[in-house]
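Beneath this line is the structure, given in structure tokens, with notes to follow.
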């Protein structure tokens, strides 16, 4: 057993050629927490996600999930272990309708076996009905129910991000990685999304890791917050702690005052 | 226009063209077109499965078709007396040895830690293995090939040549193709689009090279002729008084009746195969499985993140699609009654099938089938069209003028020209294919 | 083989069937000309109605305008048609009704590239960089129509986004999300445009860079260059805006100064997150 | 043991022909790779475009030969080449106008363009055969050899001869020049960069003021030049026969792909990989070994890894192996 | 349709594809015989003979069969074709036999076709390659050749011929250093050349086609200086080869089916400039068409079931020898019930199951021309 956290990352490295995108990051995500991950552009947050989620192979280091070594497992295996993620740049299935985008997610569908598609049609029909209802529910929650039959390639940038989030809501996950779900999403809707995350966390015990540059959003949801910079973990703590950290301010937050005094000048 | 109506009309048009051929040329011609059309449609179905639904760019169709043809030989051809005792067992043992060798190498690679020692051991095993393999294999080949090379010189088949049993070759052809596709898929499916394309193209060429040069297998370029057919023999029918009488009842002479009868029987068998495959494909595609495949086609990375084992699914559909091509290939060889490795050319067996899929409308099974019939019809019928065109152009010219002679002489080359024209016209008016994906 | 996570093209094997490189826009047909128009704001898309290809109308009688030295901000829910409106102004879709005027000329019939020559610069919301080209080449392409020396401008951009200097010879497709956004804005600035249009320039950039960016936008505006901007970071954006538009379902819902909109409780509640 | 003769034998039968063939493939692959890189589809019509350009050049060469024009030791065809290129440019611009532009405006998927280009292939096929017929045509003149086997033997007194044909020399030279020019053009010039930008993201190219139609036109013009040059040089070295140009397509595509699509350096590397894998793997080492080994150890067999029957198969096998280790080709090519 | 005033013969050759450059003259040769018969006015009831051409693609079974059916549908009375042995088998099995149509191929030379079950419907005016192998081996021996390198075009023709040459030559004590296949229409033959040169040999025997891979191989051999004398079987004999290769070919030798120059000379005179009568299989094509018409005349019927039996009769002795241009005379003789022995352009002598016996013309290239130096 490695640590007690839901996810434990030990001295992880990911190098692209000579460039060290993740450079010896170690962190632990507690079971049932909503952890915020912040850091300047290029800090290596997304790369860290990708390594954990199996999209990229680490150069070195290990990743554990609930004590099990998951380093290098392919994404589809991780999905079945309950690890879900969204993409910073939306990866919709562009020629499929939004509803289908959601309905394809659950992994235990009888209809995904060829044999059943030929000879087990009744069972599939039942399952499909349930899936469809579920998908419609999610779409409604995301306020895009009117897009159910639109091709996902032809919806707006923000709507794609919503769909991205919606996919993680189709199945029971144990841990969900959200990569900037908020970027480009309307702030009012973002609040609703925040509520949903809290609810999933409370009611179903999902663990969340959230990358976001919107401090309000982070502040509302996350404890603890981890700040990365140059591929390493820079600081960890509650948001107020982090906000007070000199290094974090310098690398990431800035004083936020600069443009204030220029307005109207 | 309502799409169902439009599609029905398209099919009706192609049907009408074939009927027209029947009325104006002959029903035999029409049926030949129908039969090859059915086979083409099946091939197109297989390719459509891979491309239209999974986005796999396979241009190795020719290879799978040829493997199907090989099955027809190995099932149907008469056994060569003495071939097995002369060298068959040698060859078989060579294959078994090769298989064992592969297993050994793989397990050695697993067991030993990476590094120089492993590389050396593996390399040594491979080299030694290769020589032992050749030592087993070569004498066998030589022995078999020297058995009456002008007429046989090959290992021969199982000699299954009774009636419908002959069609056993078809599923076996599918199996052959599937097995090859599995091996290819295991190695090459990680490649992207055009790189996968050239890889499959290359593998197809390799398969053909083997078929052409391994005479012990199916006589290589010397061809195997006189393969058994699932239908009665025309000559037998013509000599059968009962048949002649019945034909006379319909008012047709025995020769025509017998040729039509045989072709109709083929058409029937082929139609059964096509319909079964179509139903299976349709069911699969309008189900969560099909949805999953489309998701994978649209965005692999996301599908993978959503728990779909992209590699396994790709392999599955690659094997299935290739198997279908193999079945079609076996059917074609049975129809021809001979295996002619030299005829397997990419243009005819790979790119023409692609044209069928794209013109018909990729991603739609009915489109693929329509494309199969239409393009095959054109492939065969543009030649008279080209000639007709040339005659039309030259009709105003004085007889004996050099230009006229040149034009008429070039008429044969107008076949491909006309084909190209028609292709461009069709794609101009429905750029996404005649029956596009919804 | 692990996929490039930033590879928005996604599918590895459908590359041939993927329309990347063929573009998604349905630009105005070639051959149109500009002609004189009645005076009005420096740039205005007036009463625009239109949609993608032969699809349904997305914009309905929608008007967006910006004048010299102004910053105009468009906000609204996702899918309201903000990006579509921007594209329409830039000639990347065919308008069924309405006009676009720039500096006293009617440019409705001009192709996008002609509008660039007229001095318009645009940062689209998605696929806004050349992924296979280096950062520096991206910037050079921004200055494609310029014939003067582009080095000083490039220097300025590197000053503004120092990270880009470090990555200047790296393919832009290998950058992080926020870095890409910086490249995109840099590319537009390289044009030295007479009017700048930005579609969510701050999406995904870190707070410190966002501050820098807003700073720079104000600076640019103060040199007299009008700026038309879509933002979901609405509160910050409206604070510096001279003019704000709220779009809902392709229609103008509210229009006013930035301050007015910020103060409007309806707008706050429905679009700015309370 | 006779090292010199062994080397010369190897040079004469492997290195020189391999170089020339590799350069021929590379020149063809350059055109293919450029279309793939900029216009984003695999152009099947390239082989027949080469045939067309070469055909026009052949016709002009005949005309010039009739007039008695000549280039001395160089083939007259070089004089006719510009005319071939011009005609080919005309042809390609015309096909673009009549065929490809429509699909571009439709935003058709590249695979449609591939099939469309197959249609164009058929048509060009017909046109070329219609004009010049399906037969072999001779249009070579000038000095055939830079150095012929016999001269070499007489000069050096060695048993083995070394032959280098004028056309081989020209081909290698031209291929290298073309690659360098193209590489420089695409990576260093503004127009070249704008072409790459267009291929990367057409919408964004519009926003940068790049005129897509101009990019497309320039691409076709360059391709016309490359195709004609490739076609003519091939024809000079081997023979002009319409059918072989279609057959040439396969190794050309293999070269472009193994080198990495869209990359001019890849095209030349790929050309040589394909050419040399054809020539070397099936080479019978008997002759070379006979020179190298002491007399009593001379090989009795051919010392051939595989018979030449499998030369194509082998070159594809090598291609496969390369791709398995470098999935987008030697030079990290594009995958649309 | 037993009208004896309008006869149509199908000409089913590969007008497109790998041997497209051979088929033009071949078809013209066949049509020349038809024109001759029509013009003579003595054929059947002063019948006119017309041809219908159709394509086999040389390698496309499907296309060949379809086109065969189409020709049958057009009501042909006889089928000249196919050209390549592969498709010929397919047409025979799927079209000719079921429809009871007589078929004469001028060029399918594969030994495999000798034994094929044909219901006595299949004939060929070209000899089987098995015979040519024997002839060639003898010629080589007479010239004192000890060892040969052998390359063949990789199809049933080339392979069969190469097999025959190899086994015959070895059985009389010669050495074959290498047997290497080459594919037609390929871009480059350096690899084959490398292997052939390495193996060595007194001469290089090229069992290919003169305007296909064969030419490429010879050019490569001469360019690299690997061989300078070549053995040229029938597929390599034609005016275009010396013309294309030039003086370097002088001294090479070979053989092609054909007897006394007389037949071919007459055909050459007959054809004039219209087409190249010496192009491979063109004489055989003329003969195939002629045989059809002579047999029809002999049977006084255009029904394959009737005239099929007469093909061997008119082709072989006894009887008056008939050469190209003599068709009118032959028709007269046959009408009167006399006997003829058709010699034609290629010295037709049908043996066994109806294939040319194979008299061969020995050729040597001298001063850039094919010169006949004897017969065998």
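When the chains are written out, they are named A, B, C, D and E in that same order, and each has its own residue count from 1.
Keep in mind that, in the parts below, contacts are C-beta pairs under 8 Å (C-beta built on N, C-alpha and C of every residue); 3 or more make two chains touch, one makes a residue touch a chain.
This is a predicted model, so every value here is computed, not measured.
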item: Shared interface partners, meaning chains that touch chain B and chain C; value: A, D
item: Most distant chain from chain B, judged by the mean position of its C-alpha atoms; value: C
item: Chain at maximum distance from chain D, centres defined as averaged CA atoms; value: A
item: Rounded Å distance, chain C centre to chain D centre (Cα mean); value: 44
item: Chain D and chain E: spacing of chain centres that average the CA atoms, whole Å; value: 35
item: Separation of mean Cα positions, chain C and chain A [Å, integer]; value: 27
item: Intercentroid distance (Cα basis), chain D paired with chain B, Å; value: 31
item: Multi-chain contact residues (two or more partners), chain D; value: 42, 108, 111, 114, 129, 134, 307, 309, 312, 327, 335-336
item: Interface hub residues of chain A, defined as touching at least two other chains; value: 55, 87, 91
item: Junction residues of chain B - those touching two or more other chains; value: 51, 57, 190, 192-194, 197, 212-213, 297-299, 301-302, 304, 362, 413, 416
item: Residue ranges of chain B touching chain A (in the complex, touch as defined); value: 280, 283-284, 287-292, 294-295, 297-299, 301-310, 316, 437
item: In the complex with chain D, residue positions of chain B that touch it; value: 51, 57, 187-188, 190-195, 197-199, 201-203, 205-206, 209-210, 212-213, 346-347, 351, 354-355, 358-359, 362, 410, 413-414, 416-421, 423-424, 427-428, 431-432
item: Residues of chain D touching chain C in the complex; value: 40-42, 104, 107-111, 114, 190, 193-194, 196-197, 199-213, 327, 334-336
item: Sites on chain D touched by chain E in the complex; value: 9, 12-14, 17-18, 21, 24-25, 129, 133-136, 138, 148-150, 153, 161, 163, 165, 234, 238-239, 241, 243-244, 247-248, 251, 275, 278-279, 282-288, 302, 304, 307-309, 311-312
item: Residues of chain D defined as touching chain B within the complex; value: 36, 42, 44, 99, 102-103, 106, 108, 111-112, 114-116, 118-123, 125-127, 129-130, 134, 246, 250, 253-254, 257-258, 261, 307, 309-310, 312-313, 316-317, 319-320, 323-324, 327-329, 335-336
